[in-house]
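Letters A, B, C, D and E name the chains as they come in the text, with residue numbers starting at 1 for each one.
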Amino acid sequence: MQDVKEFRPTIVAFCCNWCSYAGADLAGSSRLGYPADVKIIRVPCSCRVNPLFILRAFQRGADGVIMAGCHPGDCHYTSGNYFARRRMTLLFSMLDYLGIERERTRVEWISAAEGAKFAKTMNEFVATVTALGENKRLEDLRCKK
Amino acid sequence: MKFSYYPGCTLKTKAKDLDAYMRASAEALGVELAELPEWQCCGAVYPMAKDEIATKLSAVRALMSARDLGTDLVTLCSACHNVIKQVNHDMKTDADIALRANNYIGAETPYMGETAVLHFLEVLRDRVGFDTLKAKVKNPLTGRKIGAYYGCLLLRPSKIMAMDDPENPTIIEDFIRAIGAEPVIYGMRNECCGGYVTLENKGEAERRSNIVLESAKAKGADTVVTACPLCLYNLKKNGGCDDVSVVYFTELLAEALGVK
Amino acid sequence: MQRIGVFVCHCGTNIAATVDVKAVVEALSHEPGVVFATDYQYMCSESGQTLMREAIREHKLGGVVVCSCSPRMHEATFRKAAAKEGLNPYMVEIANIREQVSWIHKDIKEGTEKAIILGRAAIAKVHLNQPLQAGESPVTKRALVIGGGIAGIQTALDIAEAGFEVDIVEKEPTIGGKMAQIDKTFPTLDCAACILTPKMVDVAQHEKIKIFSYSEIESVKGFVGNFRVAIRRKARYVDEDKCTGCGICTEKCPQKKVPNEFNMGFDTRRAVYIPFAQAVPKVATIDANYCTMLKTGKCGVCAKFCGVGAIDYKQQDQIVEREYGAIVAATGFNPLKPTQYDELGYATCADVVTSLELERLMNAAGPTAGTLLRPSDKKHPHTIVFVQCVGSRCDAENEKGKPYCSKICCMYTAKHAMLIRDKYPDTEVYVFYIDVRTPGKNFDEFYRRAVEQYGVHYIKGQVGKVVEENGTLKVQASDLLSGEQLHIDADLVVLATAVEPDKSARGIATMLTASMDTNDFFTEAHAKLRPVESPTAGIFLSGVCQGPKDIPETVSQASAAAAKVIGLLAKDKLTCNPCVAQSDELLCNGCSSCERVCPYGAITYSDKEFRGPNRTTLIRRVASVNPAVCQGCGACTVACPSGAMDLKGFSNRQIMAEVDAICKM
Amino acid sequence: MQEMMVKRAVELLENGTVDRVLGWTTGEFAYDMTPAVFRSADDLKNGFVYNDFCAANLSKYLIKECVAGGKILVFLKPCDTYSFNQLIAEHRIKREMIYVIGIACEGKADIDKLKDMGIDGITGITAKDGVYTVATIYGDATVKATDAMAERCLSCKSKKHMAYDELIGEDGDVVADCGRFDMVEKLEAMTPDERYEFWRGELSRCIRCNACRNVCPACSCEKCIFDNPGSGVSQKAAVNSFEENMFHIIRAFHVAGRCTDCGECTRVCPQNIPLHLLNRKFIKDINAFWGEYQAGENPDAKPPLGRYEKGDREPGEFGGVQA
Amino acid sequence: MSHNKNAAAVEEVLRSSGVDVRKCMRCGKCTATCPAFDEMEYHPHQFVYMVEKGQIDKLAASDSIYRCLSCFACMERCPRQVEPAKLIEAVRLHVIRAKGANHLKPEQIPAMLDEDLPQQAIASAFRKYSK
């Protein structure tokens, strides 16, 4: 029998500086754990997240991408997350339309006070993506090890 | 101008005159009213409960039949109007009620609130126009001081009836002006006459009616007009105010148009 | 390639306990460009910073990566330290290996691996970092206050006292606002005019304050420190400089039947008028809707009598352009007109009035000279019913009313009730309330006095119907505590109507790009920590335009807004956040996609010349970002299809480099 | 029709209203009508062609013409006027520099369909009463127009011009029930695996010739990010399935809310990839998520990605969209 | 205060009325406006509060449920869209839907008639009081 290595997904999390990144900090200082598979990239606002970045992550081997921002109405820049929400709505719908597993992408609104929600969301998301297995449909084999 | 017409139980029996006056007036105004080929009593009171379906069906059938005829549905009695308009609103906005009512009826095309429901007063205001009406008046009721009695059903709930300001309405006053009389505005014109409990609790119906009529009288009304046969009955029978006569608005309309 | 130094912090044992810091140093030291890597107990400590500065100097570092706690914690610390060594602070990046690694991952192997990956991402980013210079913009040392009520007056006075110029733009012919109409103020019962009018005079006489009365904001351009505002001075057909306010015209004008809005329409004024005796500026205004001369060209009485020739029937609206460093919105409120609540009889009964109308009926300078007479028959009312919360505290779906508590009604009603009982002890006063809300210094004591000393009947319940019969108002109401339905024969009914933001506020907010809530109150930058600032830089909030408040609160907020304005105007230059968007003009299509999503109006377009093929010159529409206005959210960068718009410090390339570093296994 | 157009164009040229005319001329083959600029009456009389092969949407060519200056006469079919308005909205062309003659259109012939019917040696086409008469070197062939019409014309959304200075022929109406989303709905009804297979089958044929991008009136960037080495995502040719997907996803995203559904991308694709199905998916989504929106209908309308509502749906909420 | 045995009845009344009793701010405007106040033991605002407290039994046993005039005034004037009349109707239905619990029986009608009485009065009484 072949020795199957346990699958550990690669997850990229784009977090806005003002709410979700602070929420991640709170999860940290509250010692609320989530799998090390999640790696956070700090952006000023969820509206800074370009669909290109998400596709890029999949290309380079991510198995799941999550974007987290301030709750609608609480954006530090007043309206950024509203625009981000529309953009991601379309992008996710298109990925689904192309037959790419819709569970691999997610948007969550997490405030600076929601450390617990941050940890819970990441735990859930890692579990979901782990269950899906490796990203095959948006992979770029050149980028795989 | 062609409409489907839903007369309702009372206008076919005890309040035949009201119906006849309207038909005569409508003809004089060039409004064609075709009575629905088949209709059932609306139940005279709107079943407010969300889980009341069977009691709403007669209204749905009338609405559906007007839709199939491709016409708006006109009512004359305030109670019928209230029941049918509210049920129509349910069919339009409450998917659960619409689904269950349609399942009940089993029509080919489900009814989803497509029909516009109009009280004959709305036809006069919005379709004929009070100015046109005024021009067609042959016997203006000059010198008459008339109080409009709206009661409860004509205006409320205002969001659904969408007929006029529920607290400071003008539609009947404008009608009164159009037929050449002077409207009398009094405080109790949109308060209930207690008609619904006339069987159960005659005493209360009497008290409420008197409050309404006294209020109109205090402001100098010689006549009070209603748009509902039950109000008419109640104010007349239980009100017992001899100085103020109570009439249905179509009677005055027919009189003014010279078709009474 | 950047020469990069990596510094891994132990944070005592906070990091070192679950991350093998030596292994991280070892792994990162082999990353491209890394010329120095070390670890230290506490990087943020003085000696840790010294360590970093020495390394920058010794190894000629062009970029620094600190693997430590959250950048929200110490990014500024490390950037400052680097700057002291002459390294551009924006060449420093933080890898967060505490909050995101050591504190949440128990397994040392896992933690160390992730710390290395985060370190790599930071290194990859630093390779693409550019030195950034925080820009500066000058500050116009003048403030604009929109609205001349007590809020605007107080803000203007405080700013002017600090030595800065202030303009007040007021749409009415006089400043003073609602407070000028009020009789007495709670909880001290001072006469409103006695405390307001001296302030109005101060404003008029202050050399730093300029009043644009009977004027409106036409347009606002620019940004914090550099606003350009067009003000429409509406034609008042009177030369403000010539008019002495003698009032002869207002006595001679033959048009006497103009409803007097200052007295809530209870009496009349002339077509040429001065709203009230203490008006500032004390200048007459001709009401074009009523002036016979302006309407028919025949009359001219006022001009005939004016001794100084101030009347000018040919006057036109004038647009004045002024520059400001800061703008304060003090647009105030109006009481809701309760015509929709005719169960309470307002539209049909003359003796049902609003509280502000009652103020005029009780004011010594009002239509009844201070004697409380009811409007219908000018008789003393002996039974008065007050109704609270008319149009306030309604369900969000209720189209007639407002969802908020108007905050001031409980107190002014207690004031009215008390004053009436004091002056006319034979009057019975009933107040129908839902809750009596009196949070404020000496407020509850005041209300208790109304009940205990003055015998005002407070009844928990509401009025359901008011009907006028033979001169009496028949009031039907509930008394919830006794479980009764009450029938009171009243002479006067007073409705405490909801406060609603002035209708002009919405348009002004749009011009200011200041956000508003669904009720048309201005939104503050932070509900708790920045309550007098709008999220838009340079726009400040004063008074009820931000939310219902009473006079003491309004005045404190007005002064707070002034303090913020003074803080801004005191600066000669504003330092801007350098992490702002910039447009690559060669790539820009000029399509306006970015402009549409910019919450700050930081993007403008201009036609620029470019070199075309064959030595031709092309003119293209291109976007440029004003770095003083841009706050760096990045919304524009994604809206831009051509990639012309990018964000400094968080560029497309930088973020993608981080993505690549994280995903590469 | 062609005579009327030429006559009017000559008039406008001669009375100085315009100084050149953007229209069509015959390309390499008689069925290959290409956009062309005419500067004189002679040019027009000799070269101008308008027939049922003139499918190209001329609006994009106005970008270049506007940069060159002068006043341009352009002939626009109803669907082209949407692109025209969109370009106006995006300040890519200047309304005052353009004189638009709207021309009625009953749908253009699809050369591939004709060839599939075995019609070769084509020299011309005329349409009357729903029948194409195709002139060939072997004689005339007649076919039912709807059998040989381009797919995009069969599901034409509008025969009404959104902008024009004058019309030749009658203006039509917006087609309420054009069925242009039928195929999108069909795809939505498939399982994700089926959809994946479908799109792999289509997109794997992409040769990255960039024809779709070059013809697209919305893809009018000064420099496309895929051509710009500075963008970090440039690619000359798609190396693998990811890059094929990436190019088309990003292209669809960049034109989302801006694409007027003119269908040029699919028309010009040498590999016959139904690229319009990507754009139509976004159009359908936008309508379903944020209210009906037709790019190019009104140049003053706020585009869907340039506005928002507080209660907008959340990303990943697919309810109600899938069949 | 707890009325677990009533939980099902409360749930039924809330569901069939569609009323959210928690919206009530206890202002009493419904009771202030009610024309049938003098006839009722429990008044509109009490229906709202007592349903919330689970006291359906008391309401069901009271004649108040037959005294409502269905005039919609309380619904129209409630500042918080609570719609007390719908609750009263729901409690009444809760009672008369039980077998044999009709409040009005056909045999009672003849004694109540007079010659002018409109049919509407009888129809509405049956609709309201009987199943």
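As a working rule, a residue touches a chain if its C-beta (ideal position, glycine included) is under 8 Å from a C-beta of that chain, and two chains touch if they have at least 3 such contacts.
Everything numeric here is computed off the predicted structure, so don't read it as measured data.
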Each chain counted as touching chain A and chain E at once: C
Via touching chains, chain A connects to chain D in a minimum step count of 1
Per the definition at the top, count C-beta pairs in contact and tell me whether B-C or A-C has more. A-C
Sort the other chains by how far their Cα centres are from that of chain B and give me the top one. A
Let me have the rounded angstrom distance from the C-alpha centre of chain C over to the C-alpha centre of chain D, please. 47
Can you give the whole-Å distance between the Cα centres of chain A and chain B? 60
Rounded to the nearest Å, the gap between Cα centres of chain B and chain D is 56
In whole angstrom, how far does the Cα centroid of chain D sit from the Cα centroid of chain E? 64
Residue numbers in chain A touching two or more further chains are 51-52, 56, 79, 83, 87
Where in chain B do residues touch two or more of the other chains? 191
Give me the residues of chain C that touch two or more other chains. 343, 465, 597, 639, 652, 656
Name the touching chain pairs, please: which are they? A-C, A-D, B-C, B-E, C-D, C-E
Chain C-facing residues of chain B, complex: 159, 165, 167-168, 185-188, 191, 215, 218-219
What does chain C use to touch chain A in their complex? 70-73, 96, 98-101, 103-107, 110-111, 113-114, 117-118, 121, 515, 523, 535, 579, 597, 599, 631-635, 637-639, 647, 650, 652, 655-656, 658-660, 662-665
Flag every residue of chain A that touches chain D in the complex, lowest number first. 51-52, 55-56, 58-59, 72-73, 79, 82-83, 85-102, 105-107, 137-142
Given the complex with chain A, which residues does chain D contribute to the contact? 187-188, 192-200, 225, 233, 239-240, 242-243, 245-246, 249-250, 252-253, 256, 278, 281-282, 285-286, 289-290, 304-305, 308-310, 312-318, 321
Complex contact set, residues of chain E against chain C: 23, 25-34, 37-38, 43, 45, 73, 77, 79-81
